[in-house]
Each structure stands twice: as structure tokens, then as C-alpha cells.
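Order of writing sets the labels: A, B, C and D. Residues in every chain begin at 1.
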């Protein structure tokens, strides 16, 4: 599982160009910054109000005036710049964040995204997620291809014909990176563009509820493991 | 010159049960604790609170931590209605909703920012694509412009705003260090009565005016004695 | 004429309370700050981006980084605070300016104001005038009661039933101060509340096109000359 | 890291006849003169210029003064369309309108600010009561909310924004002294290509980050060599 997540993070990292400003969700997405290609340096934005996030603090290193969007104490780079929440969300909504990498509960054929609430269960609020996916120039979904149910041991698709959960946003997803493959969201629908050598196209189709267009130019999953 | 200096008790003297307050800060960082403490001491109840989140719960980072900011108000049970973007760190909100003791309205963070700014800066509202097609659009006017759909986010008002400065002069010009800025530069001025609690108070003219990052015109009352958070 | 303008400025100054934030138009309105009652200290806002305007500079005193809204080099008070144009107009539109004093070409019974353009003549643009009269809590019009025509030697009313010139804003004027009188704009119409001892009520009515309600509590023009 | 340092010529190399530019500054103060000079040197024509005003005309304060900022572009006759709030100091605009050599659109200053900010910050527009019932309302959508009428002010876009910093670091974090802030903190980021000309350039990390008042994320290119205005 950890290996699969590392694989996904490595592939996501390939989406970044030198100089990108990026906002990474918690968990798997945060791992992406560890696998940037050589020569690619990015600036990480934290929606509570700064660019120049460097990483989490060890105990004893904390500065009580520097937290990230999760409320944790963090380290910053020399080019850190602090601003208020209006500027922070102006940066996010105004297209000044080049890419965001986020997890998802569901994605569908139209690039609709659901990743903030499961009705009936307790929910936390959307925070800045709706703003991020609407504003960032490229929205990368990084996730395991299917949802594993611990009770039943069964897996069920997360890439659907149509999202069932309440949406985070309409038609915002650009690319989906899973352990199996890379899928691009186009006007024609979901296009399978890269396939990991552990899987066949049929494996991917079986694990996906949405209709997949198989790219005539289908390539191997683009990382060196 | 009309002086703005107050004790915390004087500053919130007009705050009554059922009023609406804006609490600056992001998960406690940048929240004026001495004003929150004064509210609890006064015993005000049934508040509507506009805050990014629910602050922090007791023992969040260290086991001896008190709750922080809005988290104190949650623990005391004095919030009837919370308007926030994210309360994942404060389970008391979820519990309050289930128990029926409080209501919570979620607003996307960037929209919350603009709604507060709109009230502060006299706008009738702003149009945003954030939330279109989601439950955040419920009850909001939708306007299509040049083929794209937007939600109209209207201003959010409050009786009091509670902000925190790192440094403030006696006129109310102020600045906030590092990530304590967050909502402080937006909420100051956005309510009918705007209070700044400051760590450091300086005399007017003592510092280079360009040191300050926000205008004292937006501040009605200043309270000394805010302390850095001890980790 | 200079005496009349001084009289108007002195009367306008009575509208200010200690601690007020005010924005004064050029010309007569600027004179108001020289006649503030004892104990009344105000903060002057300049819409290009500061509060704490102190006065114009003598040659040699100029700081090339400190200008006022008219582009002139100015002095500032110790409590000066500089900000960008978004904050400046936020302060103006958000009701954080307690009072503005402005001249007018025309005012009418509904408190409509025209003071920015005379069609056919070259015009300059509204600058911040429309924002100021919409945003300031109290809009004080300071002007000579009638328009004097140098060619014909005739005077014609500026306080009209209905403005003829293109408007600056609808229903924004709170009070009109002229050399003759003080007029308050109410829902019922224009109410004559103070009369200068040089004039009779009939003089004022003759110099005014708009219908005037004579306050049952009509007082003498409130300045000591 | 992708470097942002450019010469003035390199920074505006992509600027073509007929494009739209935002020029920061207020009556010349806070306008990046070295970028204006580079435009004239390159000979770009038929520009649409978004600026608070027309800058300053020749000899405005001292008889030896050159025009300032947008005033230089006016004198050179390279503006087809000016979008501004006030041009009372620059008679060349009025002359251009009468002669039919240029067009001028007046926007209330506070609305101009918000239209630029809306483009920078991804809003579909803002609602303001400024201009209701005036000729500034012509052609604009009007929306009534809770019995009050508002104008919808839509975003203003541009190909390039030309801003001026007093101090800027190599990442583009910057600050503007005193009244030179004006439109600089709004236009940086509001165009497709955003250029800062700075008086002083510092290395990244050389100054306390909180010294800066605006974010380098909004800056695409940085040019050294801006000079203080000589009175």
C-alpha cells in the first residue's frame, strides 16, 4: 500500500514544472513534493496565508506564529511570504496556483469531484477545497483506483459515470493518477493515457465504473521505480 | 483626540446575549484570547460566531493546552450558530449539531473571506464560481455572465469583531506577524464595533508608518495584554 | 466672497465630532479643517491611499513619495497610515469615513447631487467622487447658494427641484451649507433649519428653485463670526 | 528555480500593437518609468491603457519636468483607449477625444479598483451602489438585493501589468513606500504578464519576510533600475 502511494506521488510529481506554485492536500498529495524531477523547484502555498512551506516541525522547533492550513507547526523556505486570507484566496481563485494535488472520494466522467462530505457521517466543512479546485490551473487527483471496504474486503470503483456524493465542484478535474494508470479528463470523456505494467487495460476497465476512452497513443506509466 | 484604549471588559461591555461576533484567527493562531476570555467571564450566551473554524479543542498539541479561541466558546456552550469553513479539528461542533444544541453553516473559505470583506468595504456582494453545482449554492442567487455561472455571495455582518495584533499603535494602525494575519486584516472594520487586542502597544508616531500593515481607521477599540501562545 | 466662503467653512466645521475621519474636497471644503471647534480633532483621508493628511508642502519640503488625491505634495501627521487603493476605497465605501465635504454644481429636493461633469465642456472624470458620496456617513455640500454668471451678472439657483446635469449620485446629500442658510435633506424634502442674520426666509426662497420646508424650529446660522 | 530577472526590454518583448496594459501609479507617483520608457523605445502603438489617470503632463510641477507615467504615452500618441477615473491634469486626453484620436472610458475610482482586483483574484464581478442612477451605470447589469440597487462591475483584463516597487526580492515579494502603493498591490497579478520595476533589489531571504507587503507569487518578471522621482 505504501509502495502504491509512493508510485502515485512519483507520477504526480511529473506534472510539475520548474517555478510552479502548488498547493498539496494532506496525506498522499503532500508526498508529491519529495519526488520532484531534478531541476524542478516549486513553491508550496498554504491557504491560511503564505507561500514557501518547507515541511513539518519536530518538537522544539515550532514557531507559534507559523502554522499550515491543517493547524500544524511548520518550517518555511527563505522565500516565504506571508499574507492575509483575502490575498491567499485571491492567489488561489485568481489562477495563480499552477497546480493542486488532492485526494478524492469520487470522480466522474465530466470531471466532477466529490471529496468533502459523506452525508450521515459527521462532516468537517469544505475549508478551502472548493476554492482550490475551482481556482488552480491544473487539478490533479491522486488516489488509489478503488475504495477498499475493510468490513467486506471488497473494493468498489471511485471513478464513476456520475458522482453520487455531494460535489466539491463541477468539471474541475484535469487528470487522475492512480496506482493502475493515468486518466485525462477531456471534453470527450475520460481518456486512459498511461498504464502501469502490473495491469492490463481490462484490469483498469474492470476497476472503473466510468466509460474509458483508450488513448490510441497509450503509454507506459511514466515513472522510474 | 477620542482615545481608543480600553480594558478587555470595557471593550466588550456592549456585547449582549444573542449578538453576532467575528472572531479572527485560523485554528486559534491569530485569535485574541484575552477578548475571548472576557466574553466567558462576562457570561454572554447564544452567540452567532463567524470564524474560519472552531479554534482548537482542549489538549490539541500538548496535553496541558486549554482550548484556543473559538474552541473556548464551544467548550463553554455559548455558541448557538457557527458560520465557518472547516471544523474538522473541533468535534464539539459535530456533537452540538447532533445534540441539537447548535447550528453550523459552512461557507467555502474564499467565499467567507469575500463576504466579510464585502461588509467591511461596502460592497453589495461578489460573484464567485466556487460552490456552483454544490450544496454550498443552496439558497444563493445564481447569475450567468458570458456563459459562466456564478454564485452571489452577500456581505456578512456582525455586532463585534475580535482581532489580534502583534503590534498596534494608539490610533489602531496595526500589523500581525507571519501566519497570524489571516482574518485579522479583513475583520477589523467589518463589524459595528471593532476591537483589537495587541501583544505590543506603541505610541503613535513611534514606528515608521510603513511598518504597519493595516489602517487604524478600521479599529474602534484597542486592548493591551495579548500574549504569545506557549507551545 | 472670501468672507462668505470662510463663513460656510466655519459652519461646516460644526458638523464634525472629535475623532471623525473626514475627506474634504478641493477649494472651499479644504478650508473646513482650519475652523474645527476646540477639542475636536479629526483625521483626514486622502483617497489615493492614506489617512493623516496635514497640509500642502512649501517648495523644498516635498517628499516625492507623498502626494494627495490632487497629485500635490503634502505633509502628514504622526498618525499617518498608508495603504493601497483597495483599502482606501474600502474605507470610503464601507462607511468608515464619517463625513465628506464637497462642492456642488446642483443639488435637488431628493438629495441628488451633480458635481462632476458639464456636458459639452471638457470633462475630467469622476475620480473618487461617486464613491465618496455613496460611502461617507454624512455628505455635506458646501457652496455659494447660487451660481453667479460672470457674463450676464445674473445669479441662478443651484438648489433645484430636480438636477439637470448628469448626476454624481442619487439621494446622497445630508446637509447643504451656503452663505445664506443651512438646509437638511429629509424624506419629506428640503428643510431650512438655520438662517444667517443677513437674510430673510424670503431671500432664501427667492434664491432657491426647490421647494423649502421652513423648520418650525428655525435657528440662527450657528457660527460666531 | 525559474528566474524572474529581466531587462526592461526583455520584460516587454512580447508587448504588441493593440494590446491592453495596466499602468500602476496615481498621477505618476508609483508608476514604473523605466517600463514606460521601454515601451516608447520599442515603439508599440494603439494601446489600451488601464490606469487611474493620465499620469502627469510635461512641466507639471517644475518647468523642466518630463511627462510622468501614462502622461508619456499620451504625449507619444500611442494610446487608442484609456480606461481611467480622472484625467483632469492631462489635457491631452480631452484633446484626443475631441480630435477623435483616442477614446476614454471613465470608471469611478473605487469601481476601477475592484474591477482590477476581481480579475486578479478570480471573481466574476462585484456589486456596488457607486454609479447607480448615473451615466457610469450605462451598459452595466443592475441587480436589486433586499430593496437596494447595485451595479455589477465586471473584471478588467490586460495583457501586461506594469508595477513599481520600492524594494523587491528576487522572488518578487515587494513593498511600496508611502503613497506609492496605490494600484501596485492590485495590478501585480491582474494581467497575463506581470512586471515589477524596482528601485532596490534584494536577495531572497535578505530581509525579514514580513517586511514585504505583497506576494511574489503574483509577479512574473522583475526589472532593476527604477529611480526616485527628482523634484
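Note that contacts are C-beta pairs under 8 Å (C-beta built on N, C-alpha and C of every residue); 3 or more make two chains touch, one makes a residue touch a chain.
Quantities reported herein were computed from a predicted structural model and do not represent experimental measurements.
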Chains touching both subunit B and subunit C, listed by label: D
Chain separated most widely from subunit C, comparing mean CA positions: A
Chain pair showing more contacts of the two, C-D and A-D: C-D
Centre-of-Cα separation between subunit D and subunit C, whole angstrom: 30
Euclidean distance of C-alpha centroids - subunit B vs subunit D, Å: 33
Distance between the centres, which are taken as Cα means, of subunit D and subunit A, whole angstrom: 36
Inter-chain centre distance, subunit A versus subunit C - centres from mean C-alpha coordinates, in Å: 56
Shared-contact residues (touching 2 or more other chains) in subunit A: 82-83, 86, 89, 92-93, 134-135
Multi-chain contact residues (two or more partners), subunit D: 114, 117, 122-123, 128-129, 177-178, 209-210
Chain contact topology (line, ring, star, complete or other): other
Pairwise chain contacts, counting only pairs that touch as defined: A-B, A-D, B-C, B-D, C-D
List of subunit C residues in touch with subunit B within their complex: 18-19, 21, 41, 43, 45, 51-52, 76, 78-83, 86-87, 89-96, 134-135
For the subunit A and subunit B complex, residues of the former touching the latter: 46-50, 62-67, 69, 71, 73, 82-86, 88-89, 92-93, 112, 117, 122-131, 134-135, 166-170
Subunit B to subunit C touching residues, read off their complex: 1-2, 117, 119-123, 169, 171, 173, 189, 204-205, 209-210, 212, 214-218
Residue ranges of subunit B touching subunit D (in the complex, touch as defined): 114, 118, 122-129, 141, 143, 145, 148, 150, 152, 154, 175, 177-178, 209-210, 213
Partner subunit C, residues of subunit D touching it in the complex: 26-29, 52-53, 56, 60-61, 84-89, 91, 94, 98, 104, 106, 108-111, 113-114, 117, 128-136, 166, 177-186, 228-231
